[in-house]
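By written order: A, B, C and D. Residues from 1 in each chain.
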């Protein structure tokens, strides 16, 4: 039972039916090749989450559009009430009057309130008082959204584009490299690597956790080469490049760390398919000493040279 | 002692006296059937927490009512001071004067300040300066509240409505299913399942933790079937459906995960009573491959078919 | 060494020199009887922390005072520049002019801007533009402060005023009770209890962790009786009430939990001195069943009755 | 393999090539002597992080400059449109007109809106409505930034400037001291100490974790002396002061704690080079009892006296 449990654990929650050839469960950018359908509208809805995670261009488009629509609606209301209830308006034609109402609305919802145009009488005043309250709540929300967007800890961990099979002591190892290109310090960094492979004559896939030379570092200021030694206990033991393709390997890497600048945990994921694994290559050290500092050249993360395998 | 301790641990803090028949300690939605009484007013009070957790309709009702009351109070003060201290007022009747004061107050508290009406003289100016400060603090609070409401990580984990007793390898298992219908990724997901049952001829209840086939997954992008194998060590071993009712079982499920989008831990709970456990049923796989993606049909979470028990 | 380490660990960082009689290292409210002196001003300073943790009355006093002082300063500047640079001022006497400047400043810093009074010319405009920027930053800060004050997770865990020595199975136990009187759910609640006692003929104190019947509960919706069984391994074994006083006992309780509503960890501490320990008392169950709910009477947390000790 | 792993773990992610003499991997303030180069611009960019972590003087300089530039740009636009489209402007010369436009812009972007000057006609109104929206978003962002700056948990843990080799029971120990000079309570404090040394006749360095007398305390209200007993298992066993220099030792200390006031984890680091280690010194107790309180004199953190080594 205990053994079975460990195996089970290693499937990372991806299920066991993902067996078609060439299939990638986890994309390079860490997103999953899984889509949920038929979600009840109410459960799927997460307005804030969408506004916080959408692209900046969409976000600003959304705000500008909303600003325009709301002002258009209120301008319509003021026009219906009658622009004569707004003092100081200078519009002659209906279009000019509507424009006066439109910009009066803009001045009201932003609580700008120049006062050249001002509401007079009960109806116009009620609408204006309501609009300014709405404006404040709207911008309270925008404040929260902007803060939410900016303060979200984004881990931009870079993985080497390829993994390599390289000599390691007197055996070989499966290796790839990581670096945190940003200034924020990552602490208590933990890495897990797992491999999923097709089971022979079956629709199912097997999952194996790979033992690493080092699974955790206390800090991570430099470039880190993740090494899985291919020893007797490794599921990769004595497998050839060809076997990787036949068994449709997928290496899944997962990183977990504490981000000092945001005070939160960050996670990162990536994957390697057999075609992204180079055999008989060895990563080149990307550091250099200068002025009492160690300089790490981030652009060299993929740099490797030929190395004879054991 | 050690054994006793383990048992004790499994009572989940629900106490041992919850023994009446048909009683449910934990509701389906994860809330407890427990109410605290005689709480000193001061200790119970948590203004912010209430405003953050109340329904949206109540929240907006609360804000609109507060806006109205505050403006009403300030309008009264301005009227007492004398509307003649507000330049530009055009009210004739007392009602019109009060209305002018009311909307002047609204324009002041929102810091709109058209200026058609403006305070003149010391008393009116003092009140207006105070009101605008109050307004800013009030909307500062509203900003925080809206952010608090929106950024609160809400785990909407869905549990299957029913649990099943299904064949599992060469024995049977107690199973139910989970899915996260939202887009946010849940990581390091941990599940605990426990059962509480009436002790014979006693007011007390016993609690047992159920061993699971898998207690933790690193990520949770798909649907997850929680399985408790009913082997010799299971407290459910050799019990019939009838026994479940007699002993007034309550299965308690608890989930704990890291929510990547909010950077916080989320918890979720649910429970199953004997009438929500179907015997001789097996959950149907809800996935499907399309365009190189796995599609998971959320609406099929409860779908099961007949299966002969071992 | 290992043993020594465990002992050392149990001193909770309170040091070993706290030996004077009747001394209390930890106050009932969880604060420490320790004060740091000679802290360099710069290291001690934590403006935001002070403003977030000070009393509400002080906080509002601080804001109102700041508002007054800032307006006073700006009014002085406007007066020096010359009130004739503010259009629409109606003051005659210097005092009236200063008041106009004062309220103009208030209307500017809150971005109210009625416009009855408005700046004219370069100097007044520069000051006004600066003041309005300052005002926005000031209220941005106030927004953050209010949010910080309100969102701070405050654990109001209540400890029973007294601990008791009560019969427990066939031995006795050291017991006290806990309840969370608020609505927020506490999860994964962990309790540690430790005792510190004077070493004979020495200035030093010994620290011992007390084994508990239950150290952790998954949820905590009810009242929880913490029990330390006084068995052979207990440092309290065969000690009399008199010994507690002689050795100047201090029981230190510490609680750690996840607060579901704020998504953060909360901590709580309290202590019991010998005079707060009642011998031969037993806590009375504070629950009651009504309408299918368990009602827990918070006010009964200290209720106990006589019980013969083993 | 297991041994190898442990060793590897202790290298703290600093790499193994940092071998030049007198090199310091970790600065006293906890920053690393490592610089990353050739980072793609887009990956390095973290606007919010920069604005939250930059110095206050830079931050305010940035805001004031931004305010000036934005107003300058909008003033230019209003001037191009024609200042005659702003009612109430009193400028005669082009410079005066530009100034009117500049301050009108300031009044618009802060949503102050006195109204002495107000936009008239479509183009001016469109620009003003856009500017006020921009202003609100800009100050929404400033609110978030100020909150982010202030709420960031800053651990100001102070390390003693020097470490000492002092007698410890019947052996010696490597010791240094820590204190938290601030009011916020630190809980579950964990300390790790490691030493890195040059390998003989090699470019590589070895890393060793040092066993501590106490690695964790539950709370940390006082001054804490970290002690590594130099026993047979210590990598420092039988090494002389001279050896420390020859092997170019670097002691790396790391602290991790829960900050009760912010509800977040805080980390702190420091290092000691051989010249910062004093031999035959012993730290002096910095506490004192007064009015039932223990007073800890923070300024005495470095105070030591001669002590004969074992």
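One rule holds for everything that comes next: contacts are C-beta pairs under 8 Å (C-beta built on N, C-alpha and C of every residue); 3 or more make two chains touch, one makes a residue touch a chain.
What you see is a predicted model; the values in this text were computed from it and never measured.
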Averaging each chain's C-alpha atoms to get its centre, pick out the one most distant from chain C.
A
Where does the A-B interface recur among C-D, B-D or A-C, taking recurrence as more than half of the contact pairs being identical by residue number?
C-D
If you list every residue number at the chain B and chain C contact, are more than half found on both copies (same) or fewer than half (different)?
different
For the interfaces B-D and A-D, which has the higher count of C-beta pairs in contact?
A-D
Need the CA-centroid distance for the pair chain B / chain D, whole Å please.
36
Using the average of all C-alpha atoms in each chain as its centre, how far is it in Å between chain A and chain D?
25
Residues of chain C whose C-beta touches two or more other chains
111-115, 143, 147, 264
Hey, which residues of chain D end up touching chain B in the complex?
111, 113-115, 143
Going by the contact rule set out above, which residues of chain A touch chain D in the complex?
63-64, 67, 71, 90, 99, 103, 106-107, 110-116, 139, 142-143, 146-147, 150-151, 154, 156, 158, 179, 181-185, 187-189, 213-224, 231, 258, 260-261, 263-264, 285, 287, 289, 292-300
So, in the complex, the side of chain D touching chain A is made of residues 1, 4-5, 8-9, 11-15, 17-18, 20, 23-25, 32-40, 43-44, 46-49, 52-53, 87, 108, 111-115, 118-120, 122, 125, 128-129, 132-133, 135-137, 140-141, 143-145, 147-148, 152-153, 192, 254, 256, 262, 264-267, 269
